[in-house]
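Below you'll find the structure, written out as structure tokens, and then a few comments.
Naming follows writing order (A, B, C and D), and every chain is counted from residue 1.
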Amino acid sequence: MTGIVALYIFMLAAFTGYEVISRVPVILHTPLMSGSNFVHGIVLVGAMVALGGAQTPLEKTIGFIGVLLAAGNAVGGYVVTERMLEMFKSSGARRKGAAPEKH
Amino acid sequence: MPAALSADSLIQASYFVTAVLFIMGLKRMSSPVTARSGILWAGAGMLVATLITFLFPGMTNFPLIIAAMVVGGSLAWWSGKRVAMTNMPQMIALYNGMGGGGAAAIAAVELYRGEAQNYATSTLAVVGGIIGAVSFSGSAIAFGKLQGLITRSIRFSGQQILNLLLLAAAAGLGGLVAFHLNASPAVVTGFFVLALLLGLTMTLPIGGADMPVVISLYNALTGLAVGFEGFVLNNAAMIIAGTVVGSAGTLLTQLMAKAMNRSLGNVLFSGFGDTGSAAVGEVQGSLKPIEAADAGVMMAFAQKVIVVPGYGMAVAQAQHKIWELCQLLIDRGVTVRFAIHPVAGRMPGHMNVLLAEAGVPYDLIADLEEINAEFETADVALIIGANDVVNPVARTDKSSPIYGMPILNADKAKNVIVIKRGKGAGFSGIENGLFYLDNTRMLYGDAQKAAAELIQAIKAVD
Amino acid sequence: MTGIVALYIFMLAAFTGYEVISRVPVILHTPLMSGSNFVHGIVLVGAMVALGGAQTPLEKTIGFIGVLLAAGNAVGGYVVTERMLEMFKSSGARRKGAAPEKH
Amino acid sequence: MPAALSADSLIQASYFVTAVLFIMGLKRMSSPVTARSGILWAGAGMLVATLITFLFPGMTNFPLIIAAMVVGGSLAWWSGKRVAMTNMPQMIALYNGMGGGGAAAIAAVELYRGEAQNYATSTLAVVGGIIGAVSFSGSAIAFGKLQGLITRSIRFSGQQILNLLLLAAAAGLGGLVAFHLNASPAVVTGFFVLALLLGLTMTLPIGGADMPVVISLYNALTGLAVGFEGFVLNNAAMIIAGTVVGSAGTLLTQLMAKAMNRSLGNVLFSGFGDTGSAAVGEVQGSLKPIEAADAGVMMAFAQKVIVVPGYGMAVAQAQHKIWELCQLLIDRGVTVRFAIHPVAGRMPGHMNVLLAEAGVPYDLIADLEEINAEFETADVALIIGANDVVNPVARTDKSSPIYGMPILNADKAKNVIVIKRGKGAGFSGIENGLFYLDNTRMLYGDAQKAAAELIQAIKAVD
């Protein structure tokens, strides 16, 4: 990937992230923080590749720690986000059903 | 090698799908109605990316990889399932720090290996490494503070200067590595040690009340670090996901700081929000207790009751009883509304989550701007374990640590009933003049117990 | 630019465009249509490059038409968008000043 | 060649800046307060990109380039400055078609030249070429229809089949070219001719009322074509700008169709919105005229007047007089509001633009959802050159071409005064039952003249 193309991808991804989050209601701040926390758990694939290519014991040790931490990020982030949003599901459904007159 | 080539295209295509699923998932998570499905989409993306990565050409060490995944994953699963809702912020901090550590570990492997890379990649590895390491140690401190493991905010003059020095030193060593001047293991190690230290010293002086904002900031930083390491590994899924989170997280951090009426710089550098050092104001007057029976009668014959829940309701898990109480009032023809302050409790949206759990319908719940004008028309404002969010001192006293935070105008109601266990202060540790007003009565007790007593009292009215 | 990178850029640019426009009020539909019409006037730079590299008379003719049309797109798009939005400027300012109580 | 290299990096960097400016500009254009500055940002981006392109390595034919730019640019400048607000939609169509033509021209140059390209680029060139050509000829038809040059909608059975055949034939020739099977000039020419024809036959059957939606669709298509040609030329500014517009325009098209209560498929394939063929409904009752003097008295003593402006106000340029009239009423203590239908006039936001021009404050202007419940409480609904947007038949008659479109409930007001010149029908060409209701009075005349008479009448009341 050439430098300028990398820059374009960076710029566009940044705009996308910014726009996706803009105008989010306060009540969703914590679940959304946790959800985006889960998303950067994708670092797991990088850590897998790093450990998968590790040769010296040092590299293997660091790689092992990396995969362990990254897996914790991904799994933990998913579990807590899911638990929090589970509660909003019911309230969201209720909102739709019970109070359609609210704008 | 057509086999390797096709494995590569399969991986590329899967990463593309993952990136799209992540973006769609985050999009869905930012609206209450679709939020739940959002995490499922993102989760599907993660699953696809993880599984496909096993096909990466030239991968070895599979037992190690799987062992690390099982250990890290199951610990996180177990803790994530167990954690109480009130402890969510520190748990998020912990997982986030782990992600930062993962990014730093990738950087470390690349830098220790020291294979000839071009300047751009090694610079990105270094920058991602420092950000990841800061996020790792900083999040650990944030966890410790919110979990109550670290109770004091260590602060001394020259703190900012120390941070600057640490940053400069880390950047210096990082520069040596990035520009291939000296990438010996010793320098790399020094670089990471300094970066980890910087995370500690940056986070220690920040008070607990500001922690959610700080956690959100580190969340954005981890995203950025992941994006940078993605460029190093030429891994598109990491680039996109990391950058999207980096930018979304930055915006979210700003929104959260705004909801607390603070600027980000103020949060990071002012040392506000510290439970230890806040001044305890002097207040004139006395606390006037009330019996549950009397309070129940007062509410039963009210036209309008506004309920203000706070952190105390959350710790007492009183939301179900409170809703039962409110239903009794509604049946009697009383107008009941819930007034939710944006930072009531210990995380943004805390009260909404709990009330939703108890089944309170959305249209009874109003946020600060909607409800503040209505307090004047309320006969009773029922404060349940809330303190700082109804403290009138925020309007008047410039020296108060919560000065300028918008508060719920509960003091404008005709009568105020406050449920709390005793004389305990709120998060900011300051006295609350509202409790001493002429029309305020204190109903002492655990929120859950007090609510049960009120229910009895109202039932007894008929 | 490799195929997959092109795909990423396409995907991210599409998300960005979509998100930027979502939740736009009806009153801005026409100016926004005209504004995005102006933005694709960037085809002018492509047409310039095409004509700049044209050799045969046929290529030159088509290139000339291309630059002419593209310049019309860019300039015309700008002028009409500017004229329409000029009117909103005043009403936007008035909205801010005269009716701050409106949410 | 370090000079060429550095020119290249300069160009790349400038295009990057342009892409950012475009995105920021579009972002600003989607909010009323910042809209004006948005076009300035985007304009700056365009200027940067255009100027820097002269430095492109290996450019020749500068006189030709400049001549073409001057001719195209000054014609567009002149026409854009002169066009009346009411004619904006067709002008946008024209400029948009030019952009599509530009994209098609790029494709043509590439394809006629026929240099060895890989399959991906030649496919993209072909796809961009067909889209650009369709947008070019289609937009020309849209212009002709709205400008009144083409008054009939040509329609015959088998229209869709013809379109499908044309599309298949164009795709077939395009495939030959794209996969390097036969890229002779004859095939390329045939391909473009078929694509241009397709644009004509697709657009001719669509009625004038749907044209704004169609124009928006072609706008999105041109964006897409530009993006595809950008990939062919490896030009990042074109790729980003084109794709962003392609996607934004698609969404905008959907939003516009929704505001007219139509689906996009319905707009493209149903042939609704045709001024020629719509049925003229039968209405019972008679039209009851009123004198300006009487109408003035009626309004002067009303509690609340709701003004419904429509296309007739726009052509009469009556907005200034109307606002003068309303100010008189407000001074007398009458509550005045403006009710704006989303598709009143001939372009979305048409009425808002005109009222803003006349200086009507925002808080008097309400949109359909806000105001519809209020008509019942209004003493007078003053309809000025509006017709379809207040036609109650949209609520009841399934066979009516405007059935299902949400309308302003002017018929619910206690009295209705309608200003129009005579018995002319609205855009959809159907009768309006509202004008025959017992409580409706017709004030005949040009909207501007009628407003002036009303002003006199109200002044005479005192």
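The criterion applied here is as follows: a contact is a pair of C-beta atoms (placed from the backbone, for glycine too) under 8 Å apart; a residue touches a chain by one contact, two chains touch by 3 or more.
All of these numbers come straight from a predicted model, not from anything done at the bench.
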item	value
Result of counting contacting C-beta pairs for A-D and C-D, higher pair	C-D
Candidate from A-B, C-D or A-D with the same interface as B-C, over half of contact pairs in common	A-D
Centroid distance [mean C-alpha coordinates] between chain B and chain A, Å	15
Between chain C and chain A, distance of the C-alpha-averaged centres to the nearest whole Å	33
Whole-Å gap separating chain A and chain D, where each centre is the average of the chain's CA atoms	40
Per-residue multi-chain contacts in chain D, two or more chains	23, 27, 236, 240
Residues of chain C whose C-beta touches two or more other chains	1, 5, 8-9, 12-13, 15-16, 19-20, 23
Residues of chain D defined as touching chain C within the complex	15, 18, 22-23, 25-27, 29-36, 38-39, 42-43, 46, 49-50, 53-54, 56, 58-62, 64-65, 67-77, 79-81, 83, 85, 88-89, 91-92, 94-96, 98-99, 101-106, 108-110, 112-113, 120, 136, 185, 212, 215-216, 219, 222-223, 226-227, 229-231, 233-252, 255-256, 259, 340, 342, 347-350, 352-353, 356-357, 359, 361-363, 367
Chain A contact footprint on chain D (complex, rising order)	12-13, 16, 19-20, 23, 27, 236, 240
Touching residues on chain C, where the partner in the complex is chain B	4-5, 7-8, 11-12, 15, 19
Touching residues (chain side chain C, partner chain A) in the complex	1, 5, 8-9, 12-13, 15-16, 19-20, 23
Chain C residues touching chain D - in the complex, by the definition given at the top	1, 3, 6, 9-10, 13-18, 20-54, 56, 58-60, 62-96, 98-99, 101-102
